[in-house]
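Here chain A shows up in two complexes: once beside chain B, once beside chain C.
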Partner chain A sequence: MNHLPQAWGRPRNAILGAYNPSILQPSGPKAHTTSPIVTGTSVLAVKFKDGVVIAADNLASYGSLARFTDVKRLRTFNRRTVVGFGGDVSDMQYLDRLLLSLDIEENYGSSGHDLNALNLHTYLAKVMYKRRSDINPLWNQLLVAGLDGLDQPFLSSVDLLGTTFSSPTLATGFGAHLAQPLLRKVVDDEAKVGSVTREQATNAVRECMKVLFYRDARSLDKYSIAVITKDGVELKEDEELENQSWAFAEMIKGYGTQTV
Partner chain B sequence: MLNANSPLASGPSYSFATPPNQTSTNIKQHSFNPYTDNGGSTLGITGDDFAILAGDTRSTSGYNINTRYAPKVFKIGEDDGTGESAHIVLSVVGFAADGNALKERLNAIVKMYRYQHGKPMSVKACAQRLSTILYGKRFFPYYVHAILGGLDEEGKGALYSYDPVGSYEREQCRAAGAAASLIMPFLDNQVNFKNQYIPGSGEGHALEARKATPLPRAEVEQLVRDAFTSAVERHIEVGDGLQMLVVTKNGIEEIYDPLKKD
Partner chain C sequence: MTSIGTGYDLTNSTFSPDGRNFQVEYASKAVENGGTAIGIRCRNGVVLAVEKIITSKLLKSGGNKRIASIDRNFGMISSGLVPDGRHLVSRARDEAASWRTSYKCPIPSSSLAFRVGSYVQAYTLYSSVRPFGVTTILAGWDSETESRVDGQVGSGPKAALAGKTKGTKAGGPGLYMIEPSGLYWGYYGAATGKGRQTAKAELEKLDLPSGNLSLEQGVKEAARIIYAAHEDSKDKDFELEMSWVSSSDGPTQGRHEQVPKELLEQAETFAKRAMEGDDDEDTATGGGETMEL
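Up next is the complex of A and B:
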C-alpha cells in the first residue's frame, strides 16, 4: 500500500498496463427481471360476513426444488390488512420493505387517519402498474385482504401487469384453477357474503390448501393462515395440513412408470 | 401421438388472434409482455335525446374468470366533494389495467377543466382530449378500445369511438371488444337498417333502401340486451352481467341485468 488511497486495490500499471475505466461504463441494454427465480405458489382468500380469511403455504421453490420451507408469504400491514404474495420471492421482499417504509412514513403524520385495505390496494396497484410500464415488473400476484373505509370486508388482487380485480373469493397461481371453483361453491356472489360465517370460510380455505397440496407439485403441507376482522388480524404462521387422505392416489392411472 | 409442432404440444392455445409463436430453432427468448387481454365486450347506441353505453362485467385471463363483476363503463367527471354530477360516460375494453389508467386520467382532466373554467366540459371537447391522450402514448399504446358517450350542444345523443392510438369518429352505434365482430353486424342491420329495403319499391337497383331514423329508448335498451345475450352464447369471454349507463338530460341512469354465468 502507498500513500494514494485511490490506488489501493488496483493493479499496478507497470504490471498490467493502464486501468481501462471503460469497463465500468454500462454499455448495451439494461437487464431487468424477465422471469422469476425463487417462487411462491398459490394464495387463497375468502370473504365472510365480518372479515376475510387468507392463506398461503410456507414454501419458496427454486424451479422444481423445494428450496426454502419456512418462508412467510402473508404480511400484515397496519394491524388491519394482510397482503398475500405469489410469484417471485425477492420481489416480495422488496415490496415488504416498501410497505415497511410506507407504514413508517404514514405513522409520522398527525392526521389521525391510517391506510385501510382499499387504500393499500390502490397504492400497490399503482406501484405494480408503474413497474410494468417501465418494462421492469415486480413478478408477483398479490391478494390484499382486510376492511375498507366503511369497515366492510375487502378483498382484491393486483398482478405484475397492474391488472386489478375484486371478488368474494380469490386465488392466485395454481389455486386459480384448483381452489377457485371450490371456493365459489361457498360464496359465488357478493350479495351472499353476509351469510357466510367465519368457520365456513376458514374450513373452505383449509380444505382448499389440502387439495392444492395433493395436486400442486410446488406446494407444501405447512402454511400460514390469517383472519382479518374489525378486532384486528389473527395470523398463524405454523399451521400444518390435517386429516390428509391419499386414498384417491391409487385411482390415478396414466402417469409415471406404471404400465397398466 | 401429437405432432410436436402442433399448438397442443407446445402449450395452451387460446381464443385470441395470435397463435403460440413457433421459431424454426428450439431456442426461445423469454421476455416480458406488458400487455394482456381481459376479454369482455362493450357497446354504445345513441338516440335523439339519449346515449346508452353498455358492457358485460366479466374479467378473464385466458380460460380463467378473474371475477364476475368488474365494470367496464364509467361515469366521467363526477365529484363527490362538490356534488357535481357526471354528464359523460366512458367504456374501455381490452387490457383492463390500461383501461383503468386511461379512465383515471380522463376523469382527472374533466374535473380539472370544471375547476379551471367554471363550466362542465362539452362532450365534443372531451372527445378530442381523449384522442390526444391516446395518441400521446402512440409508441406504447393504451391497449384499449374506448367509447365515449354523452349529449352534444344541441342535447342530441353523442357517441365517439376510438382505436388504441386515438383515431376517433362520431357514430350512431359501435360495438367493441371480444364480441365486437358478433355484435357490430347486428347493429348495422338493426340501428342503421343496413340491407333492409322497402318492400315492393322497385326491382334491382330501383329497390329503395330503408332510411335510418333515431330509435326510441325502450327499443334501444332491448337491442342492447339482445346483442349481449346473443354474444354470451357464442363468445366465452363475455357473460356474467350487463351494465348499462343511460345519459339523458336528467342525468345518468345505471341499469344492471344478470347474464349467463357459464
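Up next is the complex of A and C:
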C-alpha cells in the first residue's frame, strides 16, 4: 500500500501491469442524486373555510418493497404550519432538520413574530430551486399547509425543480393523477373555498386515501392526517383506513397474473 | 492589589510573581459595575432576571432585550460589558447548533456551560486578546421526556429496548455562572453585577437546595431580589426583564421564553410591596422613602 488512495486494494503493477485509470473517470462530469432511494408516495391536501386538511400515509418504500411502515411524512413547523413530504425520505429528513434549525433561529428574537405558512413556502421554494440549480436536487415534492399573514387558508406546492403552484386542492405523486380529480369535486375553485366545511374536506381526504390504497401499490392503510386552523395544528399520526370494500377487485381483468 | 504598577498587569496572560493574572482581575472589575443579574434554579424550571439600567429617556421601554435565547431551551444573561455579552451569546448559539449537527439532539446544559466556559478561558491565555468583561449566567432545562432524534421519522424496532435502560431518570433544570477567568460552577441561585452582594444574601434565604421553590414563586422572588439589589443605586431608573424555562409539562413546555407580561407585572407589584414593607421598618429607625419607578 502507498500514499495514493487510488492504488489501495489493487494488485501491484508488477503483477498485473499498469492500472487503467480511465475507469476512475477523474475528468468526467460530477454526478449527484439521479434517483430517489427510499420513497414516500402521495400527499393530499384540501382547503376549507377555516383552514387546511392534509394527509399522507405512513409508508416508506424501498423500490417496490414496503420497507418502513411507521414513517411520519407530515412534519409540523412552529406549531402552526404542516409540511407534507412526497419523494425521497432521506432528503425529507434533511429538510426536517433544516426547518428545525430555521425554527430555532427565528425564535432567537422575542419579537413575537413568527413565520407563517406563506413565508415557509417561499423559503422552501428558494431552497429547492437553489439545489436544482446546483444540479443536486432534493428529490421531493412538498405541500405546505397552514395560514397566511391574513389568517386565510394557505396551501401551496414546491417540487424538486423549485417549481411552485397552488390550488384549493393539491396532491403529489400517484395522488396527482387519482385523487386530485376526486378532490376537485369537493372544491374546484378558490372562490368556493369559503363554503367548504371542515367535515367535507376531512371526509374527501379520507375517502381519497382509501382510493389510493386500492390503486397505488406503494401505499399503506395506515396514515397521518392534520387539520390546520387558527387554533393550531391537530395532527393524528396513527389513523387506519375504515370501511374498505374490495368488491370491485373481482371486476378488474387484463393485467397481473390473470390468464383470462 | 499591592503588585499594581510592577508591570505584570500590562499584558494579558502574564503571571505576576505571586501567581495572579491581573488582566483577568481587571475584567472582573468591569462586571462589578454592570446591572444586577440573577438566576434561580427552581423545582420545575429556572428563572433569569436582570436590572436593566435606563441610560436614556429616548430608549423604547421594553425594547433592547438583554436576556438572549440559545437553542430552544436555554437563556443567557451577562453582566458587564454588554457587547462582550452579545458576542458570547453568538458563540453559545453556534455551539448549540454545532452540537445538533453532530449529535442530532439538543445540547445538555452541562455541555453548553463547558463549551462557553472553555471559550472564555481561552481569552485569558494570549497577549493578543483581552478577557471577556462579563460574568454570564446560563439557565436551561434538559428534557426529562423521551425525545425524538432530530429528523427522526419512524419509531424504530418495537421488540428491543435498543440500548436504553428502562426507568432511568434524565433531564431537569440547569443553572451555571461563567466568570471572566473561564471559571464556572453549577448553582442553585446565581447573582452577578453591581447588586450581587444583596442578591446573594437574599438568594441564600430562599433555601434553594431543598428544591421546594416552585417556578411561579421563583419568578416573584427573582423580581423582589432585583428590586432589593437596586436599593443601592436608587438614583438610576431601571426596567426589570425576566425570562424562564420550565419542565415539559410546565408553562413554557421546556422552552426558554420571556415571562408573560401579566405575570411580570404581578411579580413587580409583589416586589414593590415587599420593598415598601422594608421601608416602613426603615422609617421606624428614621429613614427611607417609597420606591419610585
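FYI, the second predicted complex is superposed on the first by the 229 of 260 C-alpha atoms of A that agree within 3 Å, B and C clash if a C-alpha of one lies under 4 Å from a C-alpha of the other, contacts with A are read in each partner's own complex, and residues count from 1 in each chain.
One rule holds in what follows: a residue touches a chain if its C-beta (ideal position, glycine included) is under 8 Å from a C-beta of that chain, and two chains touch if they have at least 3 such contacts.
In this text, all values refer to a predicted model and were calculated from it rather than measured experimentally.
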Check whether A:93 is in contact with chain B, with chain C, with both or with neither, and answer first, second, both or neither. second
Chain B versus chain C as contact partner of A:190, first or second or both or neither: first
Just checking: does A:110 make contact with chain B only, chain C only, both, or neither of them? Give me first, second, both or neither. second
Should A:151 be classified as contacting the first partner (chain B), the second (chain C), both, or neither? neither
Looking at A:164, would you say it contacts chain B, chain C, both, or neither? Reply first, second, both or neither. first
Just checking: does A:72 make contact with chain B only, chain C only, both, or neither of them? Give me first, second, both or neither. second
Looking at the overlay, what does A:207 touch: chain B (first), chain C (second), both, or neither? neither
Would you tell me which residues of chain A are touching chain B in their complex? 32-35, 129, 132-133, 135, 137, 157, 161-167, 176-177, 180, 189-190
Within their complex, chain B touches chain A through residues 30-32, 34-36, 38, 59, 61, 64, 66-70, 95-97, 100-101, 140
Tell me, which parts of chain C touch chain A in their complex? 65, 68-69, 71-72, 93, 97, 100, 104, 150-155, 257-258
Flag every residue of chain A that touches chain C in the complex, lowest number first. 60, 68, 70-73, 89, 92-94, 96-97, 100-101, 104, 107-108, 110
